[in-house]
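Heads up, the next two complexes both have chain A, just with different partners, chain B and then chain C.
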Partner chain A sequence: MNAKSGVSTLRRRRMDGWRWGGRIFLLFMLIYTAVPMVWMLLTSIKSGFAAMAFPPEWWPSEPTLASYRNLLDPENSVGRDFLRFFWNSLVVSTLTTILAVLVAVPAAYAFSRFRFPGRRFLFFSVLLRNMFPAVIFLVPLFILMRFLGLVNTHGSLVLTYLTFGLPLAIWLLKGFYDNIPVQLEQAARIDGATRLQAFVLIVMPLSVPGIIATAIYSFIGAWNEYIYAYTFLSKNEQLTLPVGVQRFFSENTTDFPGLMAASFMMSVPVVVLFLVLQKYFVRALTEGAVKH
Partner chain B sequence: MTQLKSGCAVACGTIAPVLMASLLSTSALAEPPVDLSKWSPEYVRSIAGTEEFDTAEACGKVTPLDYKGRLTFWYQGVFEGDPDLLRQYYKDFFESFRKTYPNIQLEEQALTYNDLLDKFRTALIGNAAPMAVRLQILGGTEFASKGYLEPLKPEDVGWSTEDFWPGAMKAVTWDGVGYGIPTNNETMALIWNADIFKRAGLDPDKAPATWDDVVTYSKQIHDKLGVAGYGLVARKNAGNTPYRFMPQLWGYGGGVFDEADPSPNYGEIRLNSEASKRALQASYDMYVRDKSVPVSALTNQQADNQPLFLAGQLGMMISHPSDYNVMLDLQKKAAGADKEKAQTVIDNMRYGLVPTGPDGKRAVVFGGSNIHILKPEYVDGGKVDEPAAKAIICFWTSPEWSLKMAYAGSNPGNLNGFKTKWMKERLDNIKFLDVTTSMLPYGIPFPALPQAPEIMNIIIPDMMQNALTGAMTVDQAADDAAKKVKELMGGGL
Partner chain C sequence: MLPSYIAHQDRGLPTMTIVTGEASQVRQPRTTRLDLLRQTWSSRADYLYVLPAIVVMLVVIAYPIYYTVELSLFKTPPGLQLKDKSFIGLNNYTTILMSNVFWRVTLNTVIWTLASTIIAFVLGFALALALHREFFGRGMLRAIFIIPWVISAVAASYIWKWIYHSDFGIIGVVLVQLGLVDRPPNFIDSVSTVLASLIVVNIWREFPFAMIMMMAGLQTVPEQLLRAAQVDGASAWQRFWHVTFPHLRGVSTVTVLLLAVANFNSFIIPWIMTGGGPSNASHIWITHIYELAFGRQRWGVASAYSVLLFVILMTLGYFYVRALSQGDQREPGA
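Entry: the complex of A and B
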C-alpha cells in the first residue's frame, strides 16, 4: 500500500466515522419523533384498563378497535360529534389555506418585484402580529369578532388564522420570488405579455413549490389551532377537532384510548398532505435559501 | 315548597333540612356538634324512597309546559371518561326536558371542568355569554359580585330555600341577595388500595386516622414497594387542587381565613398561621423529604392520579365514589386477562373518612355546582328568555334530576332528592356512597367571596408549588401566599 492510498483510506475512514455518527444521530432523531406516534397508535388499540396498566404493555395483549369504531360510527353521539368536528376542521383549514394563498401570492410578488415608499416598513410590519403570543390578542379579537357578528361562526376562525398565517406565507413566498430571475418576466414582456400574463404564465408555474409549502404551513397552522377555536366557538355543531378532543378529558378521569384514537385520526390529513407534497415543501425551503 | 305526594313527607321534609342547616352552618370538628344519629347513612337510608315527585307538574307551575321560547345554556359536561351511568342520565335529562318543553328551543353546550370558568369569563367580556349557566360552586359569588347575574332564589323556580343546604346557598349569595341555585353538593372521601396496604405492612382495612398518618403511611408504602403512597395534587388553575389540599389545611387547624369557624367573617387571613404551615409542611414532607408521592404531583390533577391508582402504583387518594363506577366500566370493557386484573383492583378499593388533623379536626370541602341566569346585556343577542331559563333550572334542581345528575359521585342539591326512589336505588348500586354521605357533616364551603376562585385556584397551588419546588421555604411560601391574599382582598393583584 503506497502513501497516497494510505491517506485516502484514512480520509475514507474518517468520513465513514462522520457518516456513521450522522446515521446514529438520525436514527436517534427518528426514534425520538416516531416513538410518541407509535405509542399513541398502540394506546388507541388498548382497552381503557390496559391503557393504564403498569408496567405498560408495549404490545396490547387484547388489541381492540373499539375506540376507532366509536369515533367513526355516525350512529352514536361520540362518532357523530367526532365526524362533525373533523368536517369543521377541514372546512376551516381549507378555507384558511385558500385565502392565505390567494392573498399571499400577489402580496409577496409585490414585495419582491415592486419598489414603493414604505415597502421595507410594510414588509416587516406584517410580521408584527407574529411577534406576540397568541393569547395577547385573544380578548381583543373576541370583542372584534363579536362586533362583526362572527362569534360562533367559522368565519371568525378563518379571519383570525389569516392574521398569523398570512405574514409567514408572505415572507416564505417573497423569498421564493426573489430567486426567480426577473429576466424571465422581462423576456415574456418583450414577447408581448402583460405584467399579469407574465406573472400568471411565467412566475406562477415556477413558484408552485413555494405556493404548496405556503399552503401546507397555513393548513397545519389552522388544523392544529386550539385557543381561538376554543374561545370563539360555543356551539357543539361548530367546534373544530382540537377543541373537540377535549371531551376525552373529564374532571376526574381521562379516556386514554379514545383520546389517542382521536389524536391519531386527527394527524392523518396532515401526514398525508405532507407525504404527498413533501418534495415541493423541501424544495421551497431550500430554494428560498440560495441566491441565484 | 315542592309538590309532595306522600303523606309522611311533610314531617321528613322539614326535619332533614333543619338538620342540614345546623350541620353545615357549624364548624367541622372530629365530633360534629350536631346530632349525627339523625344525619347518618342510616338516616339517609330511612328517608330514601319515601316520597314521589312529579317534576313536570312542579316545573309547569313555574313555566307553562307549552311555553314557546329559546334558551342558550352552558354547563360542566360529562364526557367519555365519566361513568356510563352518569352519561346516560345527562342524555336522559336533556331528552326529558325537550319532551316536557317541546316548544323551547334549547341550545346547550357542555364544557370541560377546567375550562368552564375561563371560557365563561371571556364570553362575559365580549357580551357573548349564554342565558343560563351551571358553574362550579366557586364561581357564584365572583360573577354575582361583578353584576353579571340576575337575582335568583329557589322560590323563583318553584322550590323553597329550605330545600337546599345552607352552606350551598351561601355560595350563591352576595350582599344578602341570592344569585343562583345549587344543583349538587359533594363531599369526598379517602380511597386506598387494600393490597398495597397489606404488602406495605399496613392494616389493609384501616384508613389512616390522621394527616400525620397519611405522611407516615405514604412513606412506608413508598419505601417498601417503590410506588407512590399518597396522590398529592398541586396543579395550578385546576379545581382538583383546593379540593384535596383544603381538607388537609383545615384538618391541621389552618385556613385561608376563618372559613372553618362556626360563623366566619373572612376578616382574618390565616394562611400563614402555624397550623396552616404545619399542613403545608406535611405536603413538603411527602414530596420533598420522603419523595413518597408522584413526582408529577406539581402538574397532576385527579385525572392523573386515577390511572396510577388503578394500575396499583398509588396507595391512597381523595376522590368521589364515582371512581368506583369508573372502575366498573373499565372492567366491563376490558377483555381476557385484563378483566380479572380489573376485578382485583375493584376488590382492593376501600373508602374511608378523610383523616383528621393532629387535634382531631376532620374537614372536607363542601363542593358542588350552582345554576344561574345571566343579565341580558352580557348575553349573546342581548336578550334572556327568563321563563325558558327558569324551566331548565327548575328541572335540573328538582328532587328527581338533582339526584339523577349527581348519581355516581355526588349528592343532590335539592334535599328532597334524598327521599326519591332513585336515592334508594342509588344506595344499593353505588358502593361506598355511605362513606361520602358520612363526610357531609364535616363539609366546609369555600369562602363565599368573589376572590375565592383566584385564591383557591391560583394562590393556594402557587403556595404549594413554591414550597415543593424549593423556590421558597414552607414559611416563606405561606407568608407569600398570605400576602397575596391580603393584596387581593385589598383590591390589588
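Entry: the complex of A and C
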C-alpha cells in the first residue's frame, strides 16, 4: 500500500516537473518571439529623436504616429513611393497566386489520378525545384529576361515566382486529391459527365481547403520575395515592397522609427491573411502531406 | 461533407506516406518499348494537365541549369556581353578551390546550416509538444509563434538589426543596465559574434515552420496507443520515446531536410544585415555567389560556384526524394 502510493507520488512529481519545464520553455519562447515584434511597434511610434535616447524609453513618453502618417501620405515623396511599392507588391503577388493555382490544380490532379508514363519522374523533378536557391538561376534568368524584354517589368517576377510556389502547391494538392475517393468521380462519369466535368464539378469543390492553402502559400512567398525583385528591377516605380523599403532606408540610415513602421506595414497583410486562413494551411499539411 | 477524411482517421496505424497511391499499384513485368510508346500515346490527354507546370519549370529551371554549366566554362566580360566570352575550361573551378575565401565561406555555411537546422527543429518540435495539450490561450500562443515565419525576411532583418544596434540596441542596453558589461557589445560588427548573431535571427524565423509541421505530425499519433502505454505504466518520457517519436520519424525527416535546404539557401538575412562582413565572417555560399556575380561581375567564377552548389544539392535532393517517396516502398503498418 505504502510502496504503491510512494511510486505514484514520485510519478506525479515527475509529471509536475515536465509540466513546469513546459511552462518555462513556453515563456522563454514567448519572450524570444514577441520581444522583437513589440520593440518594432514601440520604436515605430517614437520620434526619431526619442528612438536614439540613452537609456532608451521603454514606453515612448510622447507616442506619435508621424512615421505612419509619413508613409501613407500620397502628398509627400516618401508616402508616394511607399504606396506605389505597396501597390506593386499587391499586383505581383495576386497575379502570381492566381496563376499558381491555375497551373498547380490540374497538375496535382493529374499526378494524383492518372497513370501516364513518366509520371513519377515528372513529379519528383517538380519537387526538386524546392532544392535550388534563387541565386543558382539568377544569372541565366537575368539573361533570359533580358532576351524576352522582361527586365524591369513585373512579368519577370510573376514568371519566376510561379516556380518556387509550384512544387509545394502541387505536393499539397496532390495529397488532397489522393484523399478524395475516386468513386465520386466514377459515379459522375456513369451519370454522363466528361472527365473534365467530373474534375471541375466534383473534385474541385471538395479540394477548396487545399486550394486556399496553396493560394496563401503562393501569396506570402511572392509578397516576401526579395532576391529576384532586387536583381530584375531597377526603376524606382517598379519596385516591390522588400526592395523598395531596403532601397529607401539605405539612404536614410538613421530613421529607425520610419524603418520599423515600414517593416510593420509590410508585415500586416501577410500576417492577417495567414492568421485568418491558417486553419486551412495546417489542415492541408495534416491531410495532404503528413497524414495518409 | 467530407466523409473520406473521417474514414481516413480510423485507418489504424498511419505510416508516413506522402506520395500516396502507388503502393497498391502492381508494377507490370517487362514492358516493351512499343508498349511504352503505345501507353504514352494513349494517355496523351493526361499530359495536358501537367503541361503548364512542366513548361514553366523547363523555362525557368532546366534552361538556367544548362546555361549555368555553360557559363562556368567561359570567361565572360563584366558587362555580360555574351558574344565576347571565351572558353577557359575548368579554370574557374581551380580559381575557386585555390582561394582562401572559399574555405572560410564553406566553414561558415556548414556552421550556419547545421546550427540553424538543428536548433530550429528542436525548438519547433518542443513547442509542438508543449502546445499539443488543450489549455487556455493555446490558440493565441500558436498564432504568436507563427508570425515570425510569415513576415518578410527583409522586415525581420531590419527589426533585428535595430535590436542588435551597437549604440541603441535593446539587448546591449539591457546587458549594460544589468551591469553584465560596461558598454553594449557589437553583435554584428565583430568577427567573432556576427555569425552566431545571424543564426539567432534565422532560427527566430524558422522554428515556426518546424512547429507547424510537427503539430500536423502529432495529430497522426493514435491516442489509443498513448493511453494504452499510460495504463501499462509508461512514464511521460517513455511514452514520447516509444510511441510518439517513432510515429513522427517520417515527418521529422522531411522537416529537417526542408529546413536544411532552406538554410543552405538563405540569402536575405545575411545580405541585408551584414552583406557578408565584417571581413567575410558572415558570408555563406549564396551571398558569396551573389556578390561574385552581381557585385564583382565575375560571371564565370560565380557560375562555377553555382554548379558546385548544384552538385551538393543534388546529393541532398536524392535523400529528400527518398524520404518523400518512402511510403512507396513500405507497406502500410510495416
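Just so we're on the same page, the second predicted complex is superposed on the first by the 248 of 292 C-alpha atoms of A that agree within 3 Å, B and C clash if a C-alpha of one lies under 4 Å from a C-alpha of the other, contacts with A are read in each partner's own complex, and residues count from 1 in each chain.
Definition applied: a residue touches a chain if its C-beta (ideal position, glycine included) is under 8 Å from a C-beta of that chain, and two chains touch if they have at least 3 such contacts.
Just so it is clear, the model here is predicted, and its values are computed rather than measured.
Superimposing the complexes on chain A yields a three-chain arrangement in which chain B and chain C clash.
Residue contacts after overlaying the shared chain place A:61 against chain B, while chain C stays out of touching range. When the two complexes are overlaid on their common chain A, residue A:231 makes contact with chain B and with chain C alike.
The partner of chain A that touches more of its residues, comparing chain B with chain C, is C.
Contacts of A:151 after superposition on the shared chain: chain B is touched, whereas chain C is not.
By the touch criterion stated above, A:138 is placed in contact with chain B and with chain C alike. Once the two complexes are overlaid on the shared chain, A:83 sits clear of chain B and of chain C alike. Of the two partner chains, neither chain B nor chain C is touched by A:72.
Applying the stated contact rule after C-alpha superposition, one finds that A:50 touches chain B and leaves chain C untouched.
Look at A:251: by the touch rule set out above, it reaches chain B but stays clear of chain C. In the three-chain model built by superposing on chain A, chain C overlaps with chain B at stretch 292-300, while the rest of 4-12, 292-300, 382-390 or 436-444 show no clash. In the superposition on chain A, the residues of chain A touched by chain B in one structure and by chain C in the other are 51-54, 138-139, 142-143, 231, 246, 249, 256.
Residue ranges of chain B in contact with chain A, taken from their complex: 74, 76-82, 91, 107, 109-110, 112-115, 119, 122-123, 125-128, 130, 239-240, 302-303, 306-308, 310-313, 319-320, 322-323, 326, 329-331, 333-338, 341-342, 380, 409.
On the side of chain C, the complex with chain A involves touching residues 2, 4-5, 8, 14-22, 25, 36, 39-40, 43, 46-50, 52-54, 56-57, 59-61, 63-68, 71, 80, 82, 123, 126-127, 129-131, 141, 143-148, 150-156, 158-160, 162-163, 165, 167-168, 170, 173, 177, 204, 207, 212-213, 215-217, 219-220, 235-237, 251, 258, 261, 264-265, 267-268, 272, 286, 289-290, 293-294, 299, 302-303, 306, 309-310, 313-314, 316-317, 320-321, 324-325, 327.
Against chain B, the residues of chain A that register as touching in their complex are 47-54, 61-62, 64, 66, 77-78, 138-139, 142-143, 145-146, 151-152, 230-231, 234-236, 246-256, 258. Of all residues in chain A, only 11, 14-15, 18, 22, 25-26, 29-30, 32-37, 39-40, 43, 51-56, 102-104, 106-107, 109-112, 114-118, 120, 122-144, 159-160, 162-163, 166, 170-171, 174-175, 178-181, 206, 220, 223-224, 226-227, 231, 241-242, 245-246, 249, 256, 259-260, 263-264, 266-267, 270-271, 274-275, 278, 281-282, 285-287, 289-292 touch chain C in the complex they form.
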